[in-house]
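Before any comments, here is the structure.
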Amino acid sequence: MYQLNKVDKKFPGVHALKAVDFKIGRGEIVGLVGENGAGKSTLMKVIYGAYQPDSGTVTIDGKAVRFQNPRQAMDHGIGMVFQEQSLITNLTVMENIFLGFEQQFVRFGVINWTAMAKAARHQLRKVKLDIDPSTVTSKLSFAQRQLVELAKVLTLEERIDGDLVILLDEPTSVLAKEEVELLFSLVRELTSRASFIFVSHRMDEVLELSDRIYVMKDGEVVDVVEHGQANIDAIQHKMVGREVDKQYYREQKQHPYDSGKTLVRFDRVSVAGKYRDVSFDLHPGEVLCLVGTEGSGREAVLRTIFGLERPSTGAVAIKGNPFHRATAQEAVARGVGYVPRERKVEGIVNGMNVYENMTLSQMGKYASHGVLRIREEKALAENWIKRLSIKTPDVYKDCGGLSGGNQQKVVLAKWRSGGSDIFLLDHPTRGLDIGAKEDVYDMIREMCDDGAGIVLVADTLEEAIGLSHTILVLKDGEIQKRFDGSPGGKPSPFDLVHHMI
Amino acid sequence: MSIENLKPYFPWITLAVLVLLVGALNPSFLNPASLVQLVADIVPLFIMALGMTFAIYIGGIDLSMQQVANLVTVVATVYLVQYGIFVAFLCIGAGFVIGAASGWITTRQFVPSFVATLAMGFIALSGARFLSGERALSMNADARDASFGWMFGNTVGIPHELVIAGLLLALAWFLQSRTTFGRALKAVGSGELAAVASGLKVDQIKILAFALSGTFAAIAGLMFSVKLSGGDANLANGFLILAIVAVLVGGTPLTGGVGGVINTLVGTLIVVVIRSAMVYLEVDATMQQMIFGVILIVAIAMTIDRSKMRIVK
Amino acid sequence: MATIQTADKAGTWVGIGRETLVKWAPLLVLIVLCGFFAAIEPRFLSTRNFARILIAASPALMVATGVTFVIIMGSIDLSMEGTVSVCAVSFAFCFLWLGGTLASWAWLALPFAMLVGAALGFVNGLIHVKLKIPSFMASLAMGFVGTGLAMVMTGGDRIRIEDELFRSLLTERVLGFPLMVYVAGVFLLIAWFIQTRTTLGRNFYAVGGGEDLAIASGLNVSRVRVLGYTVAGVFFAVGALLAVGRIGIAETATGNDFMFLSVTAVVVGGTALWGGIGGVWNTLVGVLIVFVIGNGMVVIGLPGYVQDGVLGILVILAVILSTDRKSISFVK
Amino acid sequence: MSTFIKDFIEKEKISRRNFLFASACGLGSVAAIGALGPGMARAALTDPTIAWSYRNRTNPYWNEIVSGGEAFVQSLGMTKDALTHLINEGSSEKSLADVKAVLAKTGGNLALAIDTNDAPNARPVVEAVAAAGAYVSTLWNKTDDLHPWDFGDNYVSHMSWSDEGPAEQTARILLEAMGGKGGVVHLGGIASNNPAIERLNGLKNALKDYPDVELLAAEPADWDTQKANQVMSAFLTRYGDEITGVHCANDTIAYGVLEALRAEGIEDMPIVSYDGNPQAVQLVAERKILATVFTNPHWGGGITAALAYHAAIGSFKPSEEPNEHREFYGPTIMVRPDDALEFKASYLDSVPTYDWTDFWGPSNGPIVYK
């Protein structure tokens, strides 16, 4: 039905798509996997009309089409559910659903809100979401928003007579397990009406949902796997182009921590409205993982250690000293390093180059009386680029132009080179491909061996379990359960989920 | 690709094209002595634009600068006899404090700098009107010559004003590109949240940036006051918009983090060339403002580097 | 009209949330200011004085309403001084040329002026969108062009509009308020209508709330932007007409002082400069706050040299009170 | 015709006659100087550029000034365009920069007439002109310690107006119309401007003789119609019926005041203003304004340019003139309802052809510093 033949796309310096063949039949769910930079997002942009191919053809039911913009693609039944939250939060749910297509509710220039609400309810029913369509979107949970996005794309159903192709770009990244299940069952139901292209880093999900999986590497489709024959290891091998370490989470490198010393101590700490009565100790060499759903208070704990939240009761001590007038500067001075979830916004400064980013938290060490010693900064950057094999042409490269994995390495290099020994990692592998993830896992083990303590909020439960020495399960701001995560004695995801919800 | 590489030099190219264009139409424009004089005359404006650069570099704006300069002309004139050359400290201190107050209101009270600095400007204006007794004051000529006469001399044909401007430019450039403060400014301008997450004292840095713009406004006001040997609450009017335009034309966009003081130098020169071209090319008086606007649009269209602007707002 | 809906939900004063309080803060500030001035000088609180404040505020209200749309989109329009002058002058020329009284074909000068405003706004928007020049710079430069154009048209002269019928905007009163106040009110309602009931109005919010997301949803953002500036231009023209109606003179200086005044009023009213939040009712309150302060200071007899400073302080306080500090991480 | 205007026109005719004589002598003396040797002849420029530097084109007052400048240039047989306009838009910085630019462009071959926008700006302008060997005449703004005679020939003259006396006269007319009792408000110019201060002082002087009239308030309205309109509205709230008369610092302010009163349906409030713009004179004729003071900006604009030009080409040598020819007050004429139409006919509807070489005839005595 929908087909790409020998589609080619070049950007200055990059051959992003090399003669890609791709097809999807009616009612199919097609998985698309590949490392970051393999060309997935370019391919998707070509499909939904944001990019135009340099050569090759796009056909729908055998007819050649060419989209100048996403709008034209939509008119041909192609819709996209975006990876990042793509609803406009200051608008109501119904406005978001019909954004750009309000004309159907307009009579004599006036929007008929009642009609729009009715139509919106109809769309929301398709995704089994029972909310008032005039709710302002910012009041919804992330999962609800994801469903609204799906509902929005499904408006194509009414608008288009022909077949629909819906792209789902990392739709599960912000969802909890049961929400993912809900989404998947919805998608399966909807195959009666639409075909789906499903893109995810979560290999198990792709395997579970897809009828066929396209594996991409370096701008090419290197393999097409049918549902029954799919095998995670084989696919990963194709994607990475080498054998994936069986010991994915580097458990063999997990060494016992030094319980004699304490880096961070929480003593019945509460932050009003965020969490209550949280107590724990973090020791050198320990990976302490906070597990819980969105809003369980896990991020707030990290932010408290970094001085961005002030405890309303209880005591925080860092390396034995009380942490009273908490500020981020104070935290950094005491050796705390923060790797935020929003890497592009909080992790690196887009617009500053590699060495500037690396020394940002520790400029004082490279300056005398406020005057920078730029030569030393560059030397430091070159050293860490080598040590962490960061892929960048030189130290002058704008960090905004690096790939996600390399950005994350720059962030880690910033803190490690600054001598931090307490690391707060908030979703450190989010959006990274397998190779980059492995690099991060290696680094975590390495840092532990150097005597650092790590507080981790992981991307997946498997990751949390695989990496940590200690797991704290949080629910509604309270610690539910503490698990020991020594190799051999690790809990199962089911054990954790039981306490999370 | 060659165009990409040329991008940082677009402001310079624009300047060169403008100078040559005006020179071709009226060769007397290219007379070196008068060019030097032309540049020397815009020193107060340039200093104000330098200060404005700091505010815009962190993504804000400082609309109080003109009123700070007004206040300083009055302060300088009133207290010159009493304090002599040390009146400079009083003036600069006043600029620093007002700028810091703007910064504090912006960063700690979440009032957008557009409004916060505008309002602080009103407060400074009140101060100027009160202190001047609502009159135009003139400086004591002897005290002026004794304390600040050196500002307007020449050494080997180079006006001292230019030397002062050069020193301040060097200082501002050094601050911007060689110090931890300048690096922090860039971080705040390009990615404030990342700067916070790196443990920078973002609030302090922003307050300091506004304090610096206030300080430069005060220096500009002081020089202007000495140059005119007097002060009143309206003396520096007309500086503000030109200073903003100079910064923007130089290629420091309002989004922050890009550009810098060297750009402001080019921007100021472009503005001044356009302005004096009006005189040199004998543009009709009623047409001048319209033509200024049109050339401005063209100049900005040529100079801004859009590669780092994801969305143009 | 998001504000009203929330109020209905809040229902009684019991349990009013922080959010609601912030939403209503500008109005509270306005009421407190009125109370303050009335306490010092009871004569402040009279219909006649409110009529005076409204007469003074009407043109600025129209200009501020126009710029509100642009600010909701997250852009800014600083061309109002030029646009207002050109519209005022075009109106005056056209009006006199067609006969000089509303009772003749000269009434066509009214729509003509609005057309001129729309055209200037359109060009402004095109320059911003097509040349990809940030709106601050594009509109500032367009403001210069506008003022310059008005200058070229008049050669610096003032044009008097003596027509009694046109001037009845000022001289005719209904219920104690002159007609121009009602005209401003009608256009405010039109603005509110555009804001809440038209696709374009809602698209302003979409662009302000997330431009790249709006593009991805298939919205033609460039078109919305250009139209936004065009609508703003029309409202600037209405402001120009009221300004001429108030003084009876059209000149290059008609547009003076509108720029900082209107942007300040918009911000004081609680519309955020980063876009997506606020609306025309906020702007009404903001404009009234600014003009009540201006009128009140004279009425209570503050010395002239203090007035600027007090205005500055009160504006800062008003913005601080009406800002939801918890919802924003930083401000520039 | 009122005696005042008669006197004025008479005076002008006489001085014109005198002038013909004087100019003959003047030209003769130039010739004589020329004969004395080349060293002295340096003073004269040939065919200098004539420039007028002023605030803006949006104010009728400045337009009148400029029309005078253009009339003078035309009297030399050139077109209007020969006058170079420098507009400072209220910015002293631009004023100075433009002067420097035009000096550089002309290489000092320049006759400049200027209002420097703000008093302190006069010194650097004059210094720059003198340094370039050009000639300058100033109008309105200069500081008290700056005098033409300190700069040899290059700083030709300064003309200003003593506004205190005429403003006092208009105030007396106003106070009489109020019946010598009640309350008066004053709406002033930009507070730090000299004329604004003097015009308020004029009112205060007159009030001394009217103990029953109270000065309710004096607020700056910045020479601006819209601002005046707002201030007057607020006054009406504060004082209501207590206001029985309004003293305006200039005509543009009076327009705003009139409209504010009109909005309230108040038609018979006694108002006086200043400047004598055509529109204001018309309003005086309609008895909506009781009096305004005509300062003849057309003549002022022309003669300031003429002084600079003739000094530049050597028609006369400024340093040989007495001080009262180098700092003097401009003419003022009181315009009242009875003679307004006549005045309008003779001065505004058809602008008199002035003799631009009669430099001091209509002037009003030397400037006195307090």
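By written order: A, B, C and D. Residues from 1 in each chain.
Going forward, a residue touches a chain if its C-beta (ideal position, glycine included) is under 8 Å from a C-beta of that chain, and two chains touch if they have at least 3 such contacts.
Small disclaimer: the values here were computed from a predicted structure and weren't measured.
Visitor: Given the two chain pairs B-D and A-B, which is bridged by the higher number of C-beta pairs in contact?
Guide: B-D
Visitor: Sort the other chains by how far their Cα centres are from that of chain D and give me the top one.
Guide: Of all the other chains, the one whose centre lies farthest from chain D is A.
Visitor: Go ahead and note the Å separation of the Cα centroids belonging to chain C and chain D.
Guide: Chain centres of chain C and chain D, defined by C-alpha means, are spaced 37 Å apart.
Visitor: So how far apart, in whole Å, are chain A and chain C when each is placed at the average of its C-alpha atoms?
Guide: Going by mean C-alpha positions, chain A sits 43 Å from chain C.
Visitor: Residue numbers in chain B touching 2 or more other chains?
Guide: 129, 134, 193, 196, 286, 288-289
Visitor: Among the residues of chain A, which are close enough to touch at least two other chains?
Guide: Within chain A, no residue touches at least two other chains.
Visitor: Among the residues of chain C, which are close enough to touch at least two other chains?
Guide: Chain C, residues with two or more chain partners: 151, 155-156, 304-305.
Visitor: What chain pairs are in touch here?
Guide: A-B, A-C, B-C, B-D, C-D
Visitor: What residues of chain D sit close enough to touch chain C in their complex?
Guide: My answer: residues 56-60, 62-63, 66, 191, 217, 219-220, 224-226, 229-231, 233-238, 240, 255-256, 259-260, 262-265, 279.
Visitor: For the complex, give me every residue of chain D touching chain B.
Guide: That would be residues 57, 81, 84-94, 96-98, 100-102, 104-105, 107, 118-121, 123-124, 141, 143-145, 190-194, 197, 220 of chain D.
Visitor: For a test of understanding, state which residues of chain B touch chain C in their complex under the given definition.
Guide: Answer in residue numbers: 58-60, 63, 105-107, 109-116, 118-123, 125-127, 129-130, 134, 192-193, 196, 202, 241, 244-245, 248, 253-256, 286-294, 296-297, 300-301, 304, 306, 309-313.
Visitor: For the complex, give me every residue of chain C touching chain A.
Guide: Chain C reaches chain A through residues 2, 193, 197-199, 202-203, 205-206, 208-210, 213-220, 276-277.
Visitor: Under the stated contact criterion, what part of chain A meets chain B in this complex?
Guide: Against chain B, chain A makes touches at 12, 306, 308, 327-329, 331-333, 338, 340, 342, 345-352, 356, 359-361, 363-364, 367, 370-372, 374, 414.
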